[in-house]
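Look for chain A in each of the two complexes below; its partner is chain B in the first and chain C in the second.
On to the complex of A and B.
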C-alpha cells in the first residue's frame, strides 16, 4: 500500500505541475496575441473584447443555471429578448432611458423567470434530461412566437446619443459604449463568485449544485434553491436585455443565437467554472472579429462558434473516454 | 377492434390518400403536401429517437438534400427524377462521415452538436457564392418538376412519405427495433448482451438522414428553387419534433396522428394570424412534455392495453 500511495502522490504532483505549466503557456500565448493585435490590428482587439463582454455577460447566468440546477436552458436567449421588448415598451411609453429601467427590468424578469420555473421546469426536473431539453426548446419557441404575434417581425431600435459615442486615438476611431458589457461581465463573474462562496444562500446553492440529496439531508430546501438560482440567473439576463437595447436593434429572433453562444462558452469553460467563461468569451470574440477584419473571410466569422462548440464538445468527450 | 376491420380501414385510408387529387382542389392538395412532408420528417426524427438520440439537425440534412438535388440538376445536368435519390444518397454519405464522430456523443451533447452542424451547413452554403448562388439561392431554369402538375407533385410527396413509413415499419418489425430499444433503455446492459451500439446507431442515423435528404430533394424539386434561409429553416426541425411529440414517440402511428392534427391546426391558424401562428407549436411541446409525455396515441388505445403497456 505504501509504494502505491507514494506513486499516487507523485502522480498528483505531476498533474499539478502540468496544470501550472499549461496555465503559464496559456498566459504567455494570450499576452503575445494581445501585443500582436495591438500593433497589427487594434480594432480586432477592441471590438473583440467588446463582443466578448456581451457574450460573457449573457453566458454567465446560463453557467450558473447549468452548474447548480443542472438543466440546459434552451430558452436562455429568449428571456433576454423578452426583457429587451419589455424595456422597449416601457421606455417608449414613459419616455425614460433604458438605463433607468435596468434594475426594474432585472427584477421583473427575475420574477417572471421564477414563475416559469415553478410552472414548467420544476415539474420536469425529475424527468430524463432530454425532456428538459425539449421543454426549454418549447419555451423558446413560445416566447419568440408570442413576441412575433404582438410586435410582428419588424425591428425596433432606440436611438441614444451616448451609445454612439466614439473615441479617437491617432487615426483610430472606435465606439466606446460597448465596453459597458465588459464591465458588466466582470461584475457578474466576481459578484457571483462572492455570492456563492461568501453568503449563506450562495453556499447553500453551491451545495445543492454539488449534491442535491446531501444538501436535502442537511436541511436545505433544494427546490426553493433551484427556483432562487433560476430567478437570479434570469434576472441577470433581464438586466442584460435592457442594456442590449441601448446598443442593438431588437426583433423576435434576436435572442436565440445567444442561447447557442452561451452554451458553447459554458461548455468550453467547463460546467461550474464561471470565471472560465470570461476567458472563453475573449477567445470567441477575438476569433470572430479577426475573421471579420478581412474582406475574404468576413462572411465566415459566423461559423467560428459553431466550429468551436463542436471541437470543444468532441475533445472533451474523447478525453473523458480515455480517463 | 378486430384486425380485419383495422385492415379495411387502413386500405380505405390508403385509397383515399392516393385518390385525393381526383376530388380535391389545388389548395387542399397544397396543404396535404405540406402535412405529408412534415409527417415524413417527423417519422424520420422519431426513428432515430428510438435509440435515445435526440437530433436537432433535421433542417441541416433536409437542406443538404435540397441543395444536392438542385445543384445536381442545375450544375451537373442531372435529370430531375434522378436528383431525388441522389439527394438521399448524398445526405446518407454526409451522415455516415459525421456519424463516425458525433455518434460517440450522448444526450444533450449529441443534440447540441447536431444543431450546430445544421448551422454550419447553412453558413457554408450561404458563403459559397459561385457554386450555390449564395444567399439569393438557385433557381431551376427548366421550372418545377412535372411542369407544376399539382396531382403529380402530390403523388411525389406521397411516395416520399410511403418510403418513410416503410422504413419506420422496417425499424419497428425487424431486429433493429430490439437493438435500438436496448440502447435507449440501458446502454451498458445492451453492450453486455452483445449489441454493437455504434453500428446500430450509425445505421439509424444514416437511414434517417437519407430520408431527410430525400425529402429535401422532393421539396426543392416541387418548388424549383432553393435558398439557404428557406431550406435550412428552423421550421424543418421544429415542426416535425412537435408533431412527433404530440402524437407520441417511439412509433410510426404517433408522428402520423401528430402531423395531421398539428398540421391542420397550424394551417387554420396561419389564415387567422399571419405572424406568430407557430406559437401553437411551442405551447404544444410544453404541454405534451409536462402533462402527457406519452403523447396522444395512448389516449386512443383502449384502457386495458394502456395498463398493459405501463407494466411492461
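On to the complex of A and C.
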C-alpha cells in the first residue's frame, strides 16, 4: 500500500501543479488583456464586461438544467422573451417599473416553467436525446409564434431614465446601468454554488444530477427534483426577462440568439461548471465588442460565438487525443 | 417483513423471473445462483426499479409492487447495489448524509448514525472529504454499505457486497452483517457462498429465473446440489 499510495500522491501533486500553472497562465493573460484594453480601447472592456454579465446571467440557468436534468433546453431564451412580454404588459397596464416586477416575474415564470416541465419535458426524459431537442425546439417556435400573433412583430421598449445613466471619466463616456447584469450574473453563480453545495435540497439536486438511480435508492424523488430545478432555472431566466426589458427593445425573436449563445457558453464551460460560464461569457463579451469596434469587422460580432465554440470543441478533442 | 408471491417479471418482452415465492422475516436470508440467474432482477423488483408483471410484493403487509423506488426506500428498505451507485462528485460525508436525509425515520439522527458508520469503517472517516468517485473500488463498496446503514433500514438488501473486496474486508463485511442480524432483516446475494452461509439463517437458490431450493443455512451446507455447484467440493 505504501509505495503505490505515494505514487498516487505524487500524481495528484503533479496534476495540482499543472492546474496551478494553467490557472496562473490564464490569470496573467487576463490581466494583460485588461491592461491593453484599458489603454487602447477602454469601451471594449466596459461594454464587453456588461455584455458578458448579460450572457452569463442567462446562460447559468441553462447550465443548471443541463447539469442536473440533463436536457439541452432549446427554448431557454424564449422563456426569457415570454417573461419580458409579460412584464411589459403588466408594467404598461399598472404603470409600474419593471424592477418592481422583477420578483413577481421570476415567480410567475418559475411556475410556468414547472407546468411546462410536467406537461411536456417530463414525458421526454426517457426518450432519446434527439426527441428532447425536437421537443424544446418546438416549444421555442410555439412561444415566439404565439407572441407574434398577440403582439405582432413590432418592437416594444420602455423608456426609463435610469437605464440611460452614463458616467464620464476624462473624455470617456459610457452607460453604467448594464453593469447590473454583471452583478446578477455573479449573484446567480455564487448563489447557485452555495445552494448546491451547502443546502440539503441543493445537495439532493446535485446527487440527482450525478446519479439519478442512486438518488432514488436513498429516497429522493428524482422527477420532483427535476421539476423543481427546471422551475428554478426558468424563474432565474424570468427575472432576467424583466431586467432585460429595462435596457432593450423586445420582439418575438429576441430570445433565440440568447438560446444559441447560452448553449455555446455552457458547452465551452463544460457540463456542471457554473464558474466556467462566467469565464466563457467574459471571453465572448470582449470578443464581440472588440470586433464591433472596427468598421471592417463589425458585422462579424454576432457570429463570433460560433467561432469560439468551434475553437473550444476542437482544442478539447485535440487535448483528449493527446491524453 | 418482505413477502413475494407468484412474482413474474422481466425486461421488455424478455421474461426473467417466474413463479417466485420468497420471504424474508426477522432474519437474514441469502440468495444464491449462477451469473444471469436473475438475482439482481429480483432485487430490482423489490426496490421498484422494474415493475412486476404478475404476483405480489408486500412489505410488512403493504403491497409495494408498482410503487416508486424512492417511496420504497422511505419505507425502510435500503439497498447496496451491485454497481454501488454512489454520487461520484460528492464527498464521502455528503454521500453518507444523503443516505439518511430523505428517510423520515432517519433524517433527524444523522450525526449519531454518521459516528456509527465511521466506527464500522474507519477508512470512511479518514477520507470523509474525498470525492466518492476517487475512492478505490473496495472503499466505494464500503461507502455504499455505510450509506445504506445511514438510513436505519428495516430491511437491508446487499447485492454481491463482497465483489471486488480483499478477503480481510470480506470477512469484516460479514462480521458487520452478523452484528446487524439481530436488529434488522437482511437479504444478501453472494458468489461467496461459503462465507455467506456463516452469516445467514436461511437461503434460496435461484436458477434460470426460478427458485430451485430453499433451506436453512445448515441444510444448504450439506445439500448435495449446493455442495457440488456452489461450494465446489
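Assume the second predicted complex is superposed on the first by the 302 of 323 C-alpha atoms of A that agree within 3 Å, B and C clash if a C-alpha of one lies under 4 Å from a C-alpha of the other, contacts with A are read in each partner's own complex, and residues count from 1 in each chain.
Please note the rule applied: a residue touches a chain if its C-beta (ideal position, glycine included) is under 8 Å from a C-beta of that chain, and two chains touch if they have at least 3 such contacts.
Just so it is clear, the structure is predicted and the values come from calculations on it, not from any experiment.
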| item | value |
| --- | --- |
| Clash-or-fit label for the pair chain B, chain C on chain A | fit |
| Partner, of chain C and chain B, that touches more residues belonging to chain A | B |
| Which of chain B and chain C A:130 touches, first, second, both or neither | first |
| A:218 touches, of chain B and chain C: first, second, both or neither? | second |
| Partner chain in contact with A:207 - chain B first, chain C second, else both or neither | second |
| Cα-centre angle that chain B and chain C span when viewed from chain A, reported as a multiple of 10 degrees | 90 |
| Contacts of A:30 with chain B and chain C, given as first, second, both or neither | neither |
| Minimum C-alpha separation between chain B and chain C after superposing on chain A, in Å | 9 |
| Contact footprint of chain A on chain C as seen in their complex | 47, 49, 68-70, 73-74, 78-79, 81, 85-90, 94, 97-99, 101-103, 147, 151 |
| Residue ranges of chain B in contact with chain A within the complex | 52, 54, 56, 101-102, 104-105, 107-109, 111-113, 115-117, 119-120, 123-124, 126-127, 238, 241-242, 245, 273, 275-279, 281-286, 289-290, 293 |
| Chain C-touching residues of chain A, taken from the complex the two chains share | 200, 203-204, 206-207, 210-211, 213-222, 272 |
| Contacting residues of chain A [partner chain B, same complex] | 72, 120, 123-124, 127, 129-131, 133-135, 137-150, 152-153, 252, 260, 263-264, 267, 299-300, 302-303, 306-307, 309-310, 313-314, 317-318, 321 |
